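By letter and in written order, the chains are A, B and C; residue numbering begins at 1 in each of them.
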Amino acid sequence: MDAVQFLQNFLNGISIGSVYAIFALGYTLVFSILGIINFAHGAVFTLGAYLTYSMAVGQFGIGGLLAGLQLPFQFSFTLSLLIGAIISGLAGVLVERIAFRPLRSRGADPLLALVSSLGVALVTVNIIQYLVGSENYSFPSDVYGDIKPAFMFHIGSRIVAIRTVQIIIFAVSMLVLALLGYFINFTRIGKALRAVAENASTASLLGINVDRFILYTFFLSGFLGGMAGSLVGTSFGIAGPYFGVTYGLKGLAVIVMGGLGSVPGAVLGGLVIGLAEAFVPADYSAYKEAVAFAFLFAVLLVRPQGLLGRSQLQKV
Amino acid sequence: MRKSVVMTLLLTICAGSAYAERTASPIPIGIAVAQTSNVALFGQEQFIGAKIAEKYFNKSGINGTPIKLVLQDTGGDEAGAINAFQNLINKEKVVGIVGPTLSQQAFSADPIANRMKVPVLGPSNTAKGIPQIGDFVGRVSAPVAKVAPNALKQALKQNPKIKKVAVLYAQNDAYSTSETGTFQEAVKSHQLQMVTLQKFMTTDTDFTTQATAVLGANVDLVIISGLAADGGNLVKQLRQLGYKGIIIGGNGFNTANVFPVCGKDCEGILVAQAYSPEANNPTNKAFVADYRAAYKKDPPQFSAQAFAAVQLFAEGLRRVEAKTKKKITQLELPVVRAELNRALRSGPFVTPLGEITLDREGEINQKTFYVSHIKMDANGKTGKFVIVK
Amino acid sequence: MEDFLQNYGFLLVTLVQQSLLAMSMYFPLTAGQLSLASPGFYSLGGYIAAVMATADYFAPWRDALGWMMFPLEWLIAALASALLALLVGIPALRLRGIYLALATIAFVEILRVLCLNLEITGGAIGIFGVPQLFESRWGYIWTFGPLLVITLIFSSRLERSRVGRAFKAIREDELAAGAMGVNPTYYKVLAFVIGAVLAGIVGSMSAPFLNTWNARQGTFDASISYLAYVLIGGGRSLWGPMLGAVLLASLPELLRPLKDARLIINGVVLVIASIYLPQGIVGALRRLKLVTLDRFAVLWGGQ
């Protein structure tokens, strides 16, 4: 592999990794507060993408109840993105209410939360399928305005290229990382969230309304998830209602690698796995899918707290 | 004493249920395709084509007796297909089955229909070995080894200076894996150089690695064997990254579903087709007209193939009545199924796919294949396939 | 009767098969280990059977053994699963809780990708035309049925044995058990291997049942299905997994008339059951004292 190919692979890795990172950001937030994995995150991701599409383009295909419908209004992409993300945030809150709160109030086995959040994910995804069918929906190529579709660097006679939307996703994930970092570490609400994450009962003794903060977390997680879904949708199209659910599994590998509950860890984990996948030689491209999980397995055996997580002490 | 009475009663009931049954009217034809799961899109297209056929052939019916489509959802897996088939055969008592959607499902479910002596026509099963499953298994989906090389010839006509070729295919799709083999041989036989072979999965959406590899290899021609969603996405990402050469799409591109995926970037893709809406025969003209009236666009290949399958059953039933000089409703169900199976293999049918014949094994012989190129409309959302002369 | 078997034979056998898979997830759970690895071993067992039944290499074996090829497939599948379980289990079972679950998820995915790409497994297309053991689908009740009975008896015996008590001790509190002289790693691996071997045997029986085998048999979705069976049926009793499997696996078929709404309802059931039936149905029945399975088990096991 020469320098040019290395550079291309590196750029690819960052691109692929940013997608994982942007998915994992919301995913890891819930874990950091409640210590459980919200399997419905993939569904909220999908929902966000469909919502943004409905508002920005609004043309539905031949499947589902709303077949052939063309919505009478069309908002600008940024506005659609924002509204879509807000509604996804609300959906996140709904998920919490339906799948997590009842179990928490009964002191149930955390495993059950996995199953119930998965149930909610199934319901959401199938309702989407029922409404708009399972076909592919694509955003128009000029969704970001008049920017050129890709940036190409000519090195000698060869080209190294990266698509603009991939740069956008990377930039957004970095921005979100910075904002979340500031929010969690330097604001009062952020500190309250950290207190709840540390120990919920002590936090409530200190006067923090734990339930309300859990709600905030789910809203934020849903907001990020919906936004991520829309952005990824502009890059690859919306491949059907299950398109977000498939990220859910790899997302697990990402957040474990980065450290469960660690926000910078989610981004780091995503980038590392993206880079690893990009550098798999073409002959073995079939095994790319296994890379993330091989990493996951290895990390769990060697350093379960991941790259940036805190070591879990065994409480006796 | 009481026990023997009970036994006798039970035996009589069992014997009674073995009483030969007549075929119902309207004549039930089963359609077992995917309405849910990730292949639901194909199944839905197939169902639409079949419904149009039902309406078309019920204009006169089977010499007056109407046919009725009975739908069972197979889902996307083998167990679902088996259940659907069993429901159709035993509960709904169909005379034949159109389906299933995937070759994988066919390998599981067709043997059951074959054992129950119920004719099956696969509308989209293209893997090797399907008609050979049994005497009652056939298909109307051509194994496309014939079509691929034509597309390559067209590409060379457009740009005789093609030297370097990139070939990409979906490795988890039985059809694409065999189609790419044919493409690769055609490339070799034209003395072109295949500089890179890339694999992907039909479920992939991120083609950064494959697209940049193609770009880096500086090729003049790209050949893609995949399905509409993944193939279209790959094309979009290729074009966005700046690839300017010719693109050949395999048979998976032969559907309008590819337009919303790559939009303006679909322009100019050469597609090898087993079906073209522009095909010039009376059945196709009627089919296309009906489809356009209902859905405002050209019918996809899946719908055409499903139509053809239902057509074979309907016209097959007519042939059975002509041969036995009796009405289908007067014949016993097992007899109808057996005779129908024979009728399917009894000679040519003029379908939207052109003139087709099923050989003794149930394999399809199709006369016409096409190469078209995609022409997108100004809005970048709709387009059509224009046959290349 | 004929008709009933024709229509529903396949479904009934599927229910038995799914019950077995639920049991394979249940065994590690009795030792407190949440392992989602069953689909991996199920897939492995199925491939072994499919390859042995169709590959040319094994043709002389098939000719020599005739129908006895099938039990041989089961045996080899069991051995292979045990071996793989030891290989994977010994390092992985040092993990606890969600980390173990994640490690098993990773294992299943890696195995799936391997099967998707190796020549011997037929790649993405899988293996077709696996020879049949029985003429009709219903016939397979004679393989799955006895296996289920044996498994239930085994499980009941295990519960009352020293090993079973060790499992229970580890489930309740691993550190305390270790302090009392019970070697946790040994027993955890044992529970894991038992589950794996069961899943492998079921897989090898399922390959002829389904006629075809491919990488989609061993996926994360399957893990979640089996987990749902155990959780909803009840993870504390050996009848729970079977009950959960019978209910959830028959749901898609019972709901068949509802078509589109089918999967939505499936999801709703998962949510409602996990909230209102935390101990599963068996647990709920126990609390309501409708069925005292303990008493029943006492009568049967004679303790």
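Operating definition for what follows: contacts are C-beta pairs under 8 Å (C-beta built on N, C-alpha and C of every residue); 3 or more make two chains touch, one makes a residue touch a chain.
Just so you know, these numbers come straight off a predicted model, no measurement behind them.
K.L.:
Over the chains that touch one another, what is the least number of steps taking subunit A to subunit C?
P.N.:
The distance in steps between these two chains is 1.
K.L.:
More C-beta pairs touching across which pair, B-C or A-B?
P.N.:
By number of C-beta pairs in contact, A-B is the larger.
K.L.:
Could you tell me which chain lies farthest from subunit C when each chain's centre is the average position of its Cα atoms?
P.N.:
B
K.L.:
Taking each chain's centre as the mean of its CA atoms, how far is subunit A from subunit C in angstrom?
P.N.:
Whole-Å distance between the two chain centres: 32.
K.L.:
What whole-Å value do you get for the distance between subunit A and subunit B if each is reduced to the mean of its CA atoms?
P.N.:
36
K.L.:
So which stretches of subunit B touch two or more other chains?
P.N.:
Those would be 36, 171, 201.
K.L.:
For subunit A, jot down the residues that touch at least 2 other chains.
P.N.:
286, 289
K.L.:
Could you check subunit C for residues that touch two or more other chains and list them?
P.N.:
In subunit C, 116-117, 260, 263 touch at least two other chains.
K.L.:
Can you name the residues of subunit A that touch subunit C in the complex?
P.N.:
36-37, 98-99, 102-103, 106, 108-116, 118-124, 126-127, 130, 249, 252-253, 256, 260, 286-287, 289-290, 293-294, 296-297, 300-301, 304, 314, 316
K.L.:
If we count contacts the way the header does, which residues on subunit B are in touch with subunit C in the complex?
P.N.:
Listed in rising order, the residues are 14, 17-18, 35-36, 72-73, 75, 77-80, 82-83, 86-87, 89-91, 103-104, 107-108, 111-112, 115, 127, 129, 133, 171-174, 177, 201.
K.L.:
Give every residue of subunit B touching subunit A within the complex, in rising order.
P.N.:
So the residues of subunit B touching subunit A come out as 36, 38, 40-41, 44, 48, 171, 196-201, 203, 205-206, 208-210, 212-213, 215-216, 218, 228-229, 232-233, 236-237, 239-242, 257, 260-265, 295, 380-381.
K.L.:
Touching residues of subunit A toward subunit B in the complex: what are they?
P.N.:
It is residues 4-5, 8, 11-12, 15-16, 19, 59, 61-63, 129, 133-138, 140-141, 149-150, 152, 158-161, 163, 166, 235-237, 239-240, 242-243, 246, 277-278, 282, 285-286, 288-289 of subunit A that touch subunit B.
K.L.:
For a test of understanding, state which residues of subunit C touch subunit B in their complex under the given definition.
P.N.:
These residues of subunit C touch subunit B: 1-3, 6-7, 10-11, 14, 116-117, 123-126, 128-129, 132, 135-137, 210-212, 214, 216, 252-253, 256, 259-260, 262-263.
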